[in-house]
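Paired with subunit B in one complex and with subunit C in the other, subunit A is shared by the two complexes that follow.
== the complex of A and B ==
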């Protein structure tokens, strides 16, 4: 009887031990079969957005992936690879008429483990539901529209965005205007006619209504994206004589607005706010009139605070590409660091484990701290900053002065509240330090 | 009053740019029956070469005045080199083929040119604002306009006048009109149709490049600008009637003013105002306002 019990116990123990060994072996097999992680990287490699956005983002991706694979990143990121696995990137051009088909090819044919990508808000709106259908970890790195998690996919499982959405930029822009410009009675906007431009104006004008009730909007211009010619729009703005002109133009469109508007005194007659103006600082130099209010879609580039990670990023980028990293480079870097943080935290490249670790994650990036605390832990928030442009003739370089910083809770809606609803509520729950 | 004057000036300014950007397209279609999608590529080549040359020249610290010669010079260089290479190297082997096939061929050339501009000048934007600023501003009813904008209106009028004079008041132009009317009969009469085709393509290419070259100082020259302009140019020549120089003038004025009116009076309509005009015109005149008469051959 006793022997039977011993036998049974022995059998049970050996079964459990075998199960443990098999389980341990299989989990190590899972870890081992991911010595290499395929990462789809989608950004503009051609078209109007390539030069100012897509290529700097691709550059940052190459830089970060190389450094991660070699274990050359500083501080908390010094471990090699994603949970030990080497990253093999597959670069795809976002400038495609078949964005969804391209995405599905990455997932189904190339069998990538994750996708990082998308600059255009239109791309993100199209890809988000497809990514959920395909059940593939997808990290949006730059697109700004708040609609992604507020309207398109309200309960995301596989889609993350590691940069704050455009509400942050435009609420902060309005706060900066109210904080630094005296006697604002009228304002107007010139924004591109698509999701990002429309959302940006909605958030800026909505914020102005709350922060400066007495001020009135006098003109709203929505030219086609990549139009390049804004003569009529500038005339319309000049005839209305607004105190403030808000623009979320980016890339070549933003540079064209500076050239055309600067030549026609728009910038001297009105205070112009360029929420994405930072990408033009190095290239346009003295052409950006002094006094222009400049943002960088986060505390990026000249708005970034000193840190070892930022110092490394700027130096490594300049050494390799001979130009300063602009905010698309910063956004790409923070997406890749987000995936690395999640994989390292999970100590696994398994998708489910990485996603679980990614939700609600806080991690350091060259521009500061990112908190994934909106949309159930899938959408990032971050503090931001704005500054006023000043060209230094001696050095021949543009700088930002009178920089004001806004903490994340001051310029981002709280969890569970849509951006517009939050702005119209008078920024309910906002905590501004 | 202020708004009306602004609409007038902005409408004329945009129409001038549209005409300069589309007249080469309609000229080539009129003579060669080729809907030249590569026109956008020539526009981009003109813009890049102009911005690049201005940038290099300005590094010497010399006077900006010379850039006004540099701009047309670069357009002529692009027109001669790219036009001749493409016409002699590719298109002459395709003459007589279906018009749709020619659209595909020129689209392929357009894609090649897009990549060629990136290979030559990279993906960074080029900025060459000096010529646009150098002439200063004029204030009209308190609104500043660049003199450069009026110079472009003048250039568009000059181009239109030279083309009209060349076509209607010179022997070569009259021979070209004969080629436009009927290339088979022209050939039978001893007109060197091949030479006319080559010359027309080079002139059309130069005009496309000129459109880009004169625009470069006002914009940030970035990859993809050619794709944007071809859509606008196509709208202009469809409204005016494909192949008609006069039609291109009227089409440019229609589109220019439609856009200016919508920007000043109802900005949300700006995006589709151009296509609204196009749809309205085509509903009344399906082949455009000044479409070439189509003879029926028996």
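== the complex of A and C ==
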């Protein structure tokens, strides 16, 4: 008897609890306001990737959303809001074990009109099918894996990506090496042992095989990500004396490699290619040896061509955050401007109309022009650039010289072809100007 | 009847209630319940080891093995039937635990914790190096089928939710039964006085080994259920941060009752969601403060709130 009574009590309590949960959640659903568009913005706000990627991206989002709401952007973007509607951002931390559940919450409870986000390729892989299922316009702004539209969702309806995938960086790096360095007979790589590092090396070494058949790879180093100490790997590279050392290190690891490798003459024995070296220019200055080949994951930062939009972006960003925008900031700006272009073109914030306008769209961003021309108009391509580092003693600032630009069709696979196949086929269909 | 105790009755009654809630509550809440059941099972596994004085700081190992085993069965062998996936996940975990158990059963306290942590990080390093399995990005798992039935859309969501609730709660009920059995009580004895336990004629090593295997199997089950809910697995599942979270949940919810970790996982998840909503940049601080307050004021975990009420209710009825 006693047990039964407790059981009943338990049941009653759980029913009451659930009733409370239901009422709490249903009351939070606010009536939709046509003058306002809710935008979910997901980036790393905590954890190891927050400093170098997440926070610069969030800063750019805040900057652009404010400017759009006030109509302060230059040129073609001077109109107020998204087709007249004000943007209300909801920021969410990507550093979560329950990314998919968090995404569903954003769509269903917060009732966002679109989601812009995701830096980690793992997140993009997990979110892509869910976004299609939830039928919500979702723009990936930074994640690099080419698998999103090549393997996971081959005919996307709701998912877009406004940055080119990571293949571009390494194909362009190989092209730059072949174009600017004489007599390359050996090359090697030092990349972090995780998905991005492995993919980067695969694309770079694959491209080298095609572009310079006579050269061969002599050493592949894969230290742990965030290791911080690269003594053993640098020794291995020094003894092999390769002509080229490729590295996709980023953030603190990249800076550590520059400082440790610089001290041990790695940079004078071999030509070092840093595909993500741009973030170090401001911080390291003269510590980066002259002659280092530097990329910025797209024509971002010092590799961007002069334009009114870029001038505005850099100035507004520096004024507000007291530091230069790095490539995650550029990528975020690209995504927001993409959504604005699409909504303005459709002259509506209606999802179906915006998506229709977004497909195959071409739009201007601080780093140049973006064309949504892969994966049925859902995946962006863009030209890119590489440069060689030169420290200017007079001004005390690092600059990039001998900048070479590669048009989009030269460094991106054509529609319907997977990145790796494209590289192995000898860049079939590539058009280089 | 089967002589069900209160907790078992609650768990069995909970199955239809949870399933019903799946149709009533908004889908995103249901989604959090579903993932919480998966991770809750692992917290449960940590908790039953804690009862024997063993703190596993690497329970993510079996969480990950379960998820990857099911994922690889789907990816390489084309298996999509949920029952087969669950069995594969549990069997692989059980087998790995059987082998690792020979080593771990010899250690206690901090040594057990560190060794279990080390094993889980070995798997983490290994998976991060394997490009075939997507390295740190992991890979996606297709939707499961049910004995040849392949539902789509909302039906698929409800089916998977129901298929998560039933094994999770049944497993909890079975664990409760196990803890009440002589084998289960050996755990408590193990914590209190191992030498005396041996004098009573039981092998402490064997008891730890069995407990470890049971915990691994339950974690493997949790891993499969969680991975199916997410549709994706990555090595983060066996990273120490994930394992640490499981320990934290068991401490926070208390080891007093089998329902506590399941419930505690969900509560923490919801608190986290609202903390992120309230303050996206400093949500960890809110969570940390809540955890601190819980430890200071409820040293026996959240479950002690319920137990305290029960105790006072019993007192009044006795009077």
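As a convention for this text, the second predicted complex is superposed on the first by the 400 of 433 C-alpha atoms of A that agree within 3 Å, B and C clash if a C-alpha of one lies under 4 Å from a C-alpha of the other, contacts with A are read in each partner's own complex, and residues count from 1 in each chain.
Simple rule for what comes next: a residue touches a chain if its C-beta (ideal position, glycine included) is under 8 Å from a C-beta of that chain, and two chains touch if they have at least 3 such contacts.
All of these numbers come straight from a predicted model, not from anything done at the bench.
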{"item": "Subunit B versus subunit C as contact partner of A:145, first or second or both or neither", "value": "second"}
{"item": "Contacts of A:193 with subunit B and subunit C, given as first, second, both or neither", "value": "both"}
{"item": "Touched partner set for A:284, first subunit B, second subunit C, both or neither", "value": "first"}
{"item": "Partner chain(s) touched by A:255 [first = subunit B, second = subunit C, both, neither]", "value": "first"}
{"item": "Partner chain in contact with A:46 - subunit B first, subunit C second, else both or neither", "value": "both"}
{"item": "Which superposed partner A:308 touches (first subunit B, second subunit C, both, neither)", "value": "neither"}
{"item": "First, second, both or neither for A:108, with subunit B first and subunit C second", "value": "second"}
{"item": "Doubly contacted subunit A residues - partners subunit C and subunit B", "value": "46, 193, 222, 224"}
{"item": "Subunit C residues within the subunit A interface of the complex", "value": "6, 9-10, 13-14, 17, 21, 24-29, 31-32, 35, 39, 125, 128-129, 131, 134-140, 229-232, 234, 236, 242, 245, 269, 272-273, 276-277, 280-281, 283-284, 310, 317"}
{"item": "Residues of subunit B defined as touching subunit A within the complex", "value": "2-3, 6-7, 9-11, 13-14, 17, 114-115, 118, 122-125, 127, 129, 132-133, 137, 143-146, 149, 215, 218-225, 227-228, 259-260, 263-264, 267-268, 270-271"}
{"item": "Complex contacts: residues of subunit A adjacent to subunit B", "value": "46-52, 54-55, 95, 193, 219-224, 226-229, 231-233, 235-236, 238-239, 251-253, 255-256, 259-260, 263-265, 283-284, 287"}
{"item": "Residues of subunit A that touch subunit C when the two form their complex", "value": "2-3, 6-7, 10-11, 14-15, 18, 21-22, 25-26, 45-46, 90-93, 96-102, 104-105, 107-110, 120-122, 125-126, 129-130, 145, 152, 193-196, 198, 202, 222, 224-225"}
